[in-house]
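Next up: the structures, one after another.
Across the two complexes that follow, subunit A remains constant while its partner is subunit B and subsequently subunit C.
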Partner chain A sequence: MTVTPAVIEEEEPTKKGLSFKFPPEETEMGLIAGIIGAVIVIFTGLPAVIKGVGLLLVLLWGMDSVRKTSKYGLGTGVPSIGVLGTGYGVVGALMGLAVAEYGRVGQLYPAVLVGVIVMGAIGLVSGVFANGEKFIAMKIPRLERAMMELGMAGTLAILLECSILTGSLNFAAVVNNVMNTGLIALLFIFNCFAMLHPYNACLGPDERRERTRICAVEISGLIWVLLGFAMIGLGTSPYGILDGVSMIVFGVIVWVVFFRMFIKACMDECYETVGTGMIKTIE
Partner chain B sequence: MPIEVVLLFAWMLVIAFLAFIACTFEDLESDMGSQSNPNSQVQLAAQVGQVNRFFNKAISGEPLSNAMYCVTAGTIAWLLLRQFEPLVPGEEWKAAVLAIPIGVLAATMINMIFSTTAHCGRVAGQKRFQQPIYLDVLYGHLIPIGAHAFMTTLCITCIAYIQSNIGTLSGNPALNHPFALPLLGFIWGITVGAIGSSTGDVHYGAEREFQDRPFGEGKRVVYHGKITRYAECGVRTQKDIAGFCAKFGGPVTGMTFGLIILFENWRSMVGMQLGGFLPALPAFTATGDMAAIFGIVLGLLIVAALMVGNLVFVKWVRKKYGPFVGV
Partner chain C sequence: MEPVLMILIVGYVVIGGLLASLGAHLLPVGGAPAAMGTATGIATGTVQIMLGAVMTGLFTAASVATFSDSLLLVSLSGAVGATVMMCVVMFMANILYAFGCGIVPVSGRVEVDPITKEPQSPYKTPQTDGHGVPNVVYISGTIGGFLAGFAGALMYYALLNYAHFSAGLAAIVALSIFVANAILAAYNIRGTIEGFHDPKFKRLPKALISSFAVSLLCGIVVVLAATILGGAL
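Entry: the complex of A and B
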């Protein structure tokens, strides 16, 4: 005698092409992005697109850290965490640039990583202060680590963007081309948005990390396009105009692919996507 | 009075007028897409069972997102100005007429991209509350959002351009603002967003949501979502709200920002005039201190006058509409 189950569980059809699983886990993401980002920051003579790949990874890492910090239930505070990370980043980048000349070998600037390490330490300390029993005692799980990663990712991102715009990490060149021209405002605000917007936009009980990360990659594509225009305008790249044009082309490709992927993922995974309709009442 | 000084005051008035328009449209844009304060109700509504046809534009807080549009517009305009200005020597305004709208258009497109990701992402994140994505709501609100954002960003970029060239425009290049165009756009964007976020959300205030309550009384949070559901006639969307707010909330927000800009610039200009700083900027001597002192004293007088005015007004309101319920 066969017994039919009372409730037949409907299996959700698996949606292909929507998941974005590189690398799958938060710690691996941090390690990979941190190491690759640090290596690309040191080698300032690389073409802008390769630095852009490093920037993409670092911003993904920063978005992950924002998510880690805010996941316990922060709602309206998500943007401020992203701004905090970028604020760490600007201070750390200035610090790294100030000591960049020490130990310089040609186009290699290993000393800028001092800024990254110091900002990681400051982030860790502020996380400990915020969470510690003797101080503010917020007791947010894993806050210390998330704050540390925020500081490091923010610093690496600002350094990479400065390196893309000026073609080097010489303090005078960065001050002339990035600070005095006002482009630092562009770097600041778009770093903020790449880190805070994905989690802020996908916030909700059914948020999914893969979907959120697709959004982060999409914003990185936009940043590539804007940086490409700025590079062409400044004309500082050692590879000439081709460097800026390649940034714009790759940026547009990345943006189109991931924007489509993100919107498709949202429309497939939401409760229902309808052309139009009346609202229904749920009691 | 020398013509340079008159021109400086005239440009200051132009900036104040542009600020008025910018903040009016900023407030209406946030009502159209429910950013910052109105967003709480839209976000909450679905969670308490009030499925709605609202646009959930959770890009970030208003100050940051407006800073983003204005920085983008300022950067692109600045890059284009660098290319165009050498082509028309002596008539740089022609370059500005072309460059600023192109930059603002790019910023508007970025705004619409971010709006789309925010709406789709937030609704997808609320799957368990059975809130669907209505495509007509998505498409129908994008263009109004973009149009309002275009006006805001255009005015702010114009203000930044005028400020960074104010000396050249009024005949004394030494008075040009030391900050570059993108940086001024950043500062003004943060300011316009902050004021638009804090002022003028009449739809979610006493004018509509608490219309049936005694003066100053609140509502239980469960009922807050109801405002997203039905309008006076039919299902409510945010196009109705923009129309409602354009009558009072938007202009009053614009007036707040415009008055801040007017008073702030007026007091520093008058201080410079009284301190002997205009029309020619002398080397920094003791007269600089005098200009600052005059400006600060005038500012304190303005603040005192505003405080007294507020006090009288609030007293009059409480007398007319009764005391606050909670007090």
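Entry: the complex of A and C
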């Protein structure tokens, strides 16, 4: 006589379409994105697509920081911390661009990293004030570090976008091409979206880091497309119109691939998808 | 750059940051509960309301700054723009709540309206935290919008005329510093606030200290950048 177990243990469903596991941990992600982003932002002569890869990594880093802060519940919604990161990014980019001419070698601008460091310091100070017992007392573990990372990621993202759009980090060129044309407002909002939207859209009890990151990559693809159109309009790239077109093409590819992956992941991981048909109207 | 101008820039940025923090505490923030009509205020977060107010203020301030050099005129025009925006939003929220949901504007935090002395608690639906934008909250929100717009325009004026930034750069940097201060205030508020009569308003000094430190640092960064550029742009 065989005894059937009271509870039949179900096998863990295999998760498909979720092979996006690069790099596995948050600290590693921060280090890799920070270093690669910093290197790419110095070399302004690179083609736009390579800068776009740096932008993607930096935005993923920012998204990670938003995620690990917002997990504890801010009380004011996830968007606030993403907007904070971009706001710091603009101030940091201003500082970086102002000192960019010092120590410049040809197309290399190592001094822009001063802006990143300064904004890391200001982010740390605001994190201490926001988390400190005597001040706002948010009581979120590691908020200081997260705010510092947000400031740095935001600054790197804005600097990379300026570098993509103007082909250099010359202050006058950036002001004429990015600030005075009003493109900075679009960049501001799109940077905010890339940082805050993935976690804002995916948050919940079964939020998973990989799925949230797929959403972030997808938004980065959209930013590439936007930047590509802006580049063609401005016509400032040293590689001519091909630079902008390649940005648009790669952006569309990234968007299509990762949007499909995201939808597939959502479909796979939801409890059950039931087609109920149209709601019947009473007539 | 002359030292007087440096002090003026840092001073105006710090004043702007402090006013932004104060303005954020005065605005009626309802958050998600207000979207369901179960809390007083406008149905969104602090940051969104503050961004909307200061953007409108910067539009009016930038228009006036094209033909006027007066500090007071530019700042006040920003303040008026933000006030008009806030008043329209609060008015439309009231219309939607009253005629759409069928609930009366009533405060959830006080028994009697501190200004008009109207009773509040008999009209409040049980288990809710007030509805819509009642009189005292409307007045508080108007003052908050005025201060927020004034703060944004003050920073814009300092960056435009003392640091000699171009109009676009001055606007986006003023917006960024403003946003950082507004978010620190939002963390202090934690969710919803009605205005100066709300018990949470007593937490204001903590946000002001934080805002002071952050805007001081941001002001120093702006001065450094402007000095290095030497008024080039």
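Heads up, the rule we're going with is that the second predicted complex is superposed on the first by the 268 of 283 C-alpha atoms of A that agree within 3 Å, B and C clash if a C-alpha of one lies under 4 Å from a C-alpha of the other, contacts with A are read in each partner's own complex, and residues count from 1 in each chain.
The working rule: a contact is a pair of C-beta atoms (placed from the backbone, for glycine too) under 8 Å apart; a residue touches a chain by one contact, two chains touch by 3 or more.
Note that this is a predicted model, so its numbers are computed, not measured.
Considered on the superposed subunit A, subunit B and subunit C are sterically incompatible, since they clash. By the touch criterion defined above, A:I184 lies against subunit B and subunit C together after alignment on the C-alpha atoms of chain A. By the touch criterion defined above, A:V83 lies against subunit B and subunit C together after alignment on the C-alpha atoms of chain A. Residue contacts after overlaying the shared chain place A:M29 against neither subunit B nor subunit C. Looking at the superposition, the partner that touches the larger set of subunit A residues, subunit B or subunit C, turns out to be B. Judged by the touch definition given at the top, the superposed model places A:M95 against subunit C, while subunit B stays out of reach. When the shared chain is aligned, subunit B comes close enough to touch A:E218, but subunit C does not. Applying the stated contact rule after C-alpha superposition, one finds that A:M278 touches subunit B and leaves subunit C untouched.
Once the two complexes are laid over each other on the shared chain, residue contacts for A:F262 go to subunit B alone; subunit C is not touched. Judged by the touch definition given at the top, the superposed model places A:L203 against subunit B, while subunit C stays out of reach. Clashing C-alpha atoms with subunit B appear in a single stretch of subunit C, chosen from 96-104, 132-140, 186-194 or 204-212: 96-104. In the superposition on chain A, the residues of subunit A contacted by subunit B and by subunit C overlap at 75-76, 79, 83, 180-182, 184-185, 188.
Residue ranges on subunit A touching subunit C, taken from their complex, read 74-77, 79-81, 83-84, 86-92, 94-95, 97-99, 118, 121-122, 125-126, 129-130, 134-138, 171-172, 175, 179-182, 184-185, 188.
Put simply, subunit C touches subunit A in their complex at residues 31, 45-48, 51, 166-169, 172-173, 175-177, 179-180, 183-184, 186-191, 206-207, 209-210, 213-214, 217-218, 221-222, 224-226, 228-229, 232-233.
Contact residues of subunit A toward subunit B in the complex are 75-76, 78-79, 82-83, 180-186, 188-190, 192-193, 196-198, 200-207, 211-212, 215, 218, 222, 226, 229-230, 232-233, 259, 262-263, 265-267, 269-283.
The residues of subunit B lying in touch with subunit A in their complex are 40, 43, 49, 51-53, 58-61, 64, 67-68, 71-72, 74-76, 78-79, 82-83, 110, 113-114, 116-118, 120-136, 179-186, 229, 235.
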